[in-house]
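Both complexes below contain chain A, partnered by chain B and then by chain C.
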Partner chain A sequence: MRFTSILAVAATAVITVTALQYSAPATADAFADAEDAVKYRQSAFSLIRENFGHMAGMVRGEIEFDAESFQKRAEALKHLSYIPFDGFSGAGHGVTENSDALPSIWENWGDFSEKSEAFNKAAHELATASQSGDLRSIRPKFMATARTCQQCHEGYRAD
Partner chain B sequence: MRFTSILAVAATAVITVTALQYSAPATADAFADAEDAVKYRQSAFSLIRENFGHMAGMVRGEIEFDAESFQKRAEALKHLSYIPFDGFSGAGHGVTENSDALPSIWENWGDFSEKSEAFNKAAHELATASQSGDLRSIRPKFMATARTCQQCHEGYRAD
Partner chain C sequence: MVIKLWDGFVRGFHWLLVVVLAGLWYTGGNLDYLEFNGNIIEFIDVHHKLGLIMLALIITRILWGIFGSSPARFSQFLRGPKAVWGYLKSPFSKEHLTHNPGGGLIVVLMLVLLLAQAISGLFTDDAIFFRGPLANTVNNDVVRALTSYHKQAFDFILILIALHIVAIFVYLVMRKNFIGPMITGKKTITNSNITPPKQLHGGYGFILLSLNLFWIFWWLG
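Right, the complex of A and B next:
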């Protein structure tokens, strides 16, 4: 039954791609529109915040430290650290409407990009440190990651 | 000025973590509540769909193929392929309210997990293929990724 089903799916792969629900943007390197780009970056940040908040709760001792859970969250943060920044280019370039983004982002694009890379790097180091399962090794890497958030929010985010 | 600012941020790192806006969940391996978990997985899937849709548009020739843009999207998809599945465990376990998730997910958790891993693997291979910049090498990897989506949606998603 399952095997047959997989074969059927494989045979209809072309149809599959057509059938999947989405709206393709009109141009090559862009979101469908500014609203779409803003939504993209905001969704990405909300996922980052979810994972970051969970880890912060453990670092601050508000919720019990659980090495496996922390590692899972750090791993997710590592992957998510790449995501939001695409929403600031293409159709999202210069868009501050319904957004906390400040125009200074595009006036200082090089600095903004460097700060996003610092976040990537810190999130990677945090994920590596989380494998130790030792909060004493993890805490400084978590704090370093928090600093990269703060250093970018200062001057580039409205609140 | 910037240097001073960085020093100030570094000095107030503990305050920084306290000051960041988020709500920490009460337990170690959980979202704050079911609604939060559902929102998490839905946001992740919306980011996946955005990237997938953009690539599909190029594969189908609806938008002009742009190797750099495709690679960027494939790279994002690779990272995002890990994200939604956490929202099906913890507080998201068994939750089908305001969701397209079917109860069969938790009745067949092993199979569901295997399918999520197949998606991860296919997305990785697509990202690697996208580095070639050659649509002929990319297309089969894109189709293989689309199949992993479809194979999981069939039976585990309401629509």
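Right, the complex of A and C next:
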């Protein structure tokens, strides 16, 4: 009886440790697999695009400028601007299947990271500028952000 | 013998196209801007307007190639593959009144590529700031394909332009000046038996151009 209990405890311990060991790499980043990581970054870009597109409409005069709504979008973009880039490392590293990401991203990881940071910075400045509610002073910050998108798409995103 | 070869519209079209194409090249493919009287003007917006002007120019030139002055007509210079091959074998042997078979082919290729470039531009989406005026009329896959085409096909246009310029200068070295007639409209012909070609007043071409500019900007501006 005592022997079987000890055996059971030992076996459980072994199984637990083994399970922890095997599950550890998978929990190091949040993604179950590559497909998951791609979905994650694409969803983030989709949210970024939607919010950015709405602001672009106001900047271009296609949508009537509304300071409050613009500020909300700019604030959302500021937070979203970090999100997609986790999906390029971990399980998403080097994955170009069902994706517009080009292999050059991982060949020039330093440059890619710098460009993502330039985008974060520009999005921050845009959110700050949007608090003024004055489109004339917001516009240069908006276009500066747009250019950070463009500079990264050039060479890292499939046509 | 000096004859009138290129009417005012053909010449105006040619040099306007040079200016517009240079502007399109400069403003395309980036999100730069210029400042004018304290106003910021985005390159892409200039690119859009210049593209519409080019569309009007190309459509008018095609119409002028059907209904316009005789030397400007496709029927006068668009030749079959045999004639083009014959020309390529000995490009300096024969004097041609209007475009030679090689030049005629380049003119038509250029018009087709530029028309495709202008039309594809209407369906582009840069995924950031610009959406072409007709991008909402087709599905996303078509927009992606046409955007990609629009970016890549420009290289072919540059190659054609390079071929055209090299050919013009080769002929200049061979003492055949094609640049002068495109400025003055007049060409010196050694064969005096040629009857001067029928000309339409270039003004009709410019009226046609204005009409095309009007509907294009009204619809797609």
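Here is the rule we go by: the second predicted complex is superposed on the first by the 132 of 159 C-alpha atoms of A that agree within 3 Å, B and C clash if a C-alpha of one lies under 4 Å from a C-alpha of the other, contacts with A are read in each partner's own complex, and residues count from 1 in each chain.
Throughout what follows, a residue touches a chain if its C-beta (ideal position, glycine included) is under 8 Å from a C-beta of that chain, and two chains touch if they have at least 3 such contacts.
Given the structure is predicted, the values throughout are model-derived calculations rather than measurements.
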Of the two partner chains, chain B (first) and chain C (second), which one does A:54 touch, if any: first, second, both, or neither? first
In the superposed model, which partner reaches more residues of chain A, chain B or chain C? B
For A:149 in the superposed arrangement: first (chain B), second (chain C), both or neither? both
Considering only touches as defined above, state whether A:82 meets chain B (first), chain C (second), both or neither. first
Residues of chain A at both interfaces, chain B in one complex, chain C in the other: 49, 52, 56, 60, 143, 146-147, 149-150
Across the complex, what residues on chain C touch chain A? 30-33, 40, 42, 126-129, 147-148, 151-152
Contacting residues of chain A [partner chain C, same complex]: 49, 52, 56, 60, 139-140, 143, 146-147, 149-150, 153, 157, 159
Residues of chain B defined as touching chain A within the complex: 5-6, 9-10, 13-14, 16-18, 20-29, 31, 36, 39-40, 43-44, 46-47, 49-50, 52-54, 56-60, 62-66, 68-69, 72, 75-76, 79-80, 82-83, 86, 142-143, 146-147, 149-151, 154
